[in-house]
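Shared chain: chain A. Partners: chain B in the first complex, chain C in the second.
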Partner chain A sequence: MTEHSYNFAYLDEQTKRMIRRAILKGVAVPGYQVPFASREMPMPYGWGTGGVQVTAACLTPDDTLKVIDQGADDTTNAVSIRKFFQRTAGVAVTEATTEASIIQTRHRIPETALSAGQILVYQVPIPEPLRFLEPRETETRKMHELEEYGLMHVKLYEDIARHGTIATAYAYPVKVEGRYVMDPSPIPKFDNPKLSNSPALQLFGAGREQRIYAVPPFTTVVSLDFDDHPFQPTKAPHDCDLCGASESYLDEVITDDQGGRMFVCSDTDFCQTRRASGHIGALGVPVSEGDAA
Partner chain B sequence: MYVAVKGGERAIDNAHAWLAEERRGDVTVAELSLPQIREQLALAVNRVMAEGSLYDPDLAALAIKQARGDLIEAIFLIRAYRTTLPRLGASCPVDTARMAVVRRISATFKDLPGGQVLGPTFDYTHRLLDFKLAAEGEVPVAAMAPADLADVPHVTEFLNRDGMIEVEPSGNATPPDLTREPMELPASRALRLQAITRGDEGFILSMAYSTQRGYGRTHAFVGELRIGTVAVEMDIPELGFAVEIGEMELTECETVNQFKGSKTEPPQFTRGYGLVFGQTERKAIAMSLVDRALRWAELGEDFTGAPAQDEEFVLMHADNVQATGFLEHIKLPHYVDFQSELELVRRLRSEALAAQEAAE
Partner chain C sequence: MTPEALLGGFSDAPTQSSFAFRAALEILSRPGEIRALTGATPPAPLSIAAGALLLTLCDGTTPVHLAGAHDCAVLRDWITFHCGAPLVSAEQATFAVGTWHELHPVTRFAIGQPDYPDRSATLIVEMADLQQSDARLIGPGIAGFTLLSLPELAAFQANRALFPLGFDCFFTSGTRAAGLPRSTFVEAC
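Presenting the complex of A and B:
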């Protein structure tokens, strides 16, 4: 069902070249936000146009693409983006993390460890980690140039003074290879440790804000913290009710209006794979009897 | 028993089918044709062309039909289409002094060469609903005068002779292209004008209005407002000269602004400039006011903190396709981020409550 009236993966080759240059620059300067001439895409700004452009620039006909939103392959916007590339690039798609060569994600890093040769593309709404401390781009660029990150540390300190803990639960700021402070996109801070020393290439695309940045494989990424208040990844203190996993990030699902709730893996592929291999959570049933989808 | 929500794909397909049905509406009512939209909703078509940055009335009419009359959605359709078009070349700058005007007014001079031409304007209509339009009926033919084929000189040219108004030096530098280069700040005036002419009409209107109410006041007079068609010419390298490849309708507004002089400039009138595709005079006037307000630095005026003087604020928030996309994206699922906030607030609450109990 490939659409032939557009170029492979929608974007024209000149545009892809421009984006690839920005990606290469990003890889060369890890964590640095590279301005790029983002195009208007056929989906709205704020809905993954940056990620889509990065994916389009990386895709080859031999790639296998996985698209997730909130960790799940079947959320509506993930479905929409996956369909877009099936239609414009005709590439193979998969839900299995291990089978994908390119994974486009919004708000999560897959639970299954990534391997060398894989590319993880993040959709980024606001690429500037300092934006909510200083609204002006002209100022924040200067702060990055001068490695002037005191404002961020003051913010984290004020959190501790007020709440006794750093009150940032997602989009938790990190420092890349000891130089640039970077926004890891709105992933829960639970996922932050997976950013560091990953064998996969991690690319970040912000379409509306016209920025691309990158974390190359085996790059050190440190979540900002203090010696006496070390960074702590957190998740709901439960096991997955479907597959019993204790180490995965959980979504809370409200099951009735009496306060009933259950916790399930946000990463649907991870959960499904575990259930298929026989793991059963407190409320789960064997895969063959339940939803085989 | 909770079963993971599947079927996003089918839900999307069904939503699209339903949307198509709603777009058509009651099938016993005749379907709108594109020529009807183009001819009878021309001002909507003009706005879509202006903010979509693509001069094509038929495509704009199609976009309006497809978007069910939601003009920002139509603008978005045009933008997404436009971005895929190959660049064949660049036209020569259009010469608005040679515009075939259908409307041309000056608020600064009672009469002037070229005359005051009201043209097809709402200005002096009484805003009374015309119920005759609700019934079908042909409109009587309007009176016609022979066309004056002479060029209509710009009002600011007259002021120019006495050195009363600043001169904008002409240059041959290639202006930056907002759609091909990432926006860099501070921006040149050319880049600002590009951003404003495709910016949201409502946003530019409000910014301009705020300057009139004192937030960065610029004392603007409409020196001239003109609407008409101009020839679009392109240099053809093989021929060695420019040939006319078409014509387009434009609205141009030049304001004349009082200026008492500053540390660097003598007292002189200054200008604000607006140029927009189609008949879009509200936008063109607003654009010229915002342009003038943003020129405070080059004219040595004070920055008073007014939003309309703030280049980064105006340029980063004027685009309605960007704004609407980001605004509406909060409809998308955010349950992963929300879950992390939930855990955080629960923990902070339990600690706070424990501390309270310990104190009591």
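Presenting the complex of A and C:
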């Protein structure tokens, strides 16, 4: 068996047609979760089987693919999915956000602003924002049908009552075009403002839960909040220790067992690009020196 | 079966359908954009763009309705041979093909159910010409507004009023196509 024994982008044509129809209906009804007959993929659930199927249905041989996992291009999940499509679709791959035509992401939106013509594919574990509040699918479907989202506001209110502030930090619920409440996948709420009015098309795939949904370009996406407790995107109050960026989302890295730690950009391409252009953070070294080490 | 019905499909289905789908995705997610949709050479009266859409999206699980002059022996055979799609009445269709006049009354088509708005028809409307003019489009996928030569306004305004229910449209003319999802507001300009 060689990789050329696979159909283009792994999936058979019948499956791709089914996924493509679901994507188009998702685009037509922004934020609504379209059921689809998710296939078993050669990777475990939780590794992005939904995102992989959406990407496979959208790929053309001319595409340049970027895959990130929590912002990083070089982690296991990102590397394995990138290799999967290199082998089964033969597409070009890149780590540069600006060069990619399709970006599959797990739990981050790239820091670099996306442009028209790009497609951002999210891997989604639990697509139903109401699921932890109401476990029955029959009931959550009825709640979406009737636009009955009071329960979600009760949840956010209980956050305030208990913690003094809305404590939800990731998978922060949003309302799309004033109609459907949607789970933006477990992105940090720092990324929520980037969902709205993006020039790029955003597609969401949940493999185990068998749902596809979409946010078309230039679509209004509002994070749920209250007049007296407005939505606030948050990040660690630091600058990146490698590139010095103050506006990017940061990961905290434990460096020893003496309490040592550093904060670095979660978006590796953004951090690398800044370092290459001469920005240096508190613990950073110039790029050429760092590469030699 | 007519011999023409055997010809005119994709010669390289995985690649050609991937390009056709990307064009379809682009035009439906950016109403008002016009893109080329090629790869198929279906028999008349079906346009190349409409043929490519059918080959890319239809199969044995998607009932197709052929309206008016499109309901002819050669097209019935072509769709049966290349897509394997059952040919049905307007009410049962998930895809429908015809000119705007032939598709009327469009209220016949499935608009989905309140709990499953995705179970709605997609209309492929054959047009003599496609221009970025006449009607002003506003809504998801559009920065500001765009223009598209729609066959009429009232039916699309009534369809938008049903949101999140409603049908979705592709407009095809020769090798060119545009999209109009149910989420778009249309008005005269």
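Here, the second predicted complex is superposed on the first by the 289 of 293 C-alpha atoms of A that agree within 3 Å, B and C clash if a C-alpha of one lies under 4 Å from a C-alpha of the other, contacts with A are read in each partner's own complex, and residues count from 1 in each chain.
Everything below uses one rule, namely that a contact is a pair of C-beta atoms (placed from the backbone, for glycine too) under 8 Å apart; a residue touches a chain by one contact, two chains touch by 3 or more.
Computed from a predicted model, the values in this text were never measured in an experiment.
Aligning the two structures on chain A places chain B and chain C side by side, free of any clash.
By the touch criterion stated above, A:35 is placed in contact with chain B and with chain C alike.
Panel annotation: after superposition on the shared chain A, the angle at the CA centre of chain A between chain B and chain C (CA centres) reads 80 degrees, nearest 10. Applying the stated contact rule after C-alpha superposition, one finds that A:251 touches chain B and leaves chain C untouched.
Residue contacts after overlaying the shared chain place A:286 against neither chain B nor chain C. In the superposition on chain A, A:27 contacts chain C only, with no contact to chain B. Of the two partner chains placed by superposition, only chain B is touched by A:108; chain C is not. Remark: least CA distance from chain B to chain C after fitting both complexes onto chain A is 10 Å.
In the superposition on chain A, the residues of chain A contacted by chain B and by chain C overlap at 35. Listed in rising order, the residues of chain C touching chain A in the complex are 13-15, 17-19, 21-22, 24-26, 28-30, 56-59, 61-62, 114-118, 120, 122, 139-143, 163-164, 168, 181-183. Those residues of chain A whose C-beta lies close enough to touch chain B in the complex are 6, 10, 12, 35-42, 44-47, 49, 69-71, 74-80, 83, 106-108, 125, 136-138, 163-165, 167, 169-171, 186-190, 208, 210, 234-236, 241-242, 249-253, 255, 262, 264, 266, 268, 271, 283, 285, 290-291, 293. Listing the residues of chain A that touch chain C in their complex gives 7-9, 13-14, 16-18, 20-30, 32, 34-35, 57-62, 117, 141-142, 144-145, 177, 179-180, 197, 199, 201, 214, 216-219. On the chain B side of its complex with chain A, the touching residues are 1-9, 11-12, 76, 79-80, 82-84, 86, 179-186, 312, 316, 321-322, 324-329, 332-337, 339-344, 347-348, 351.
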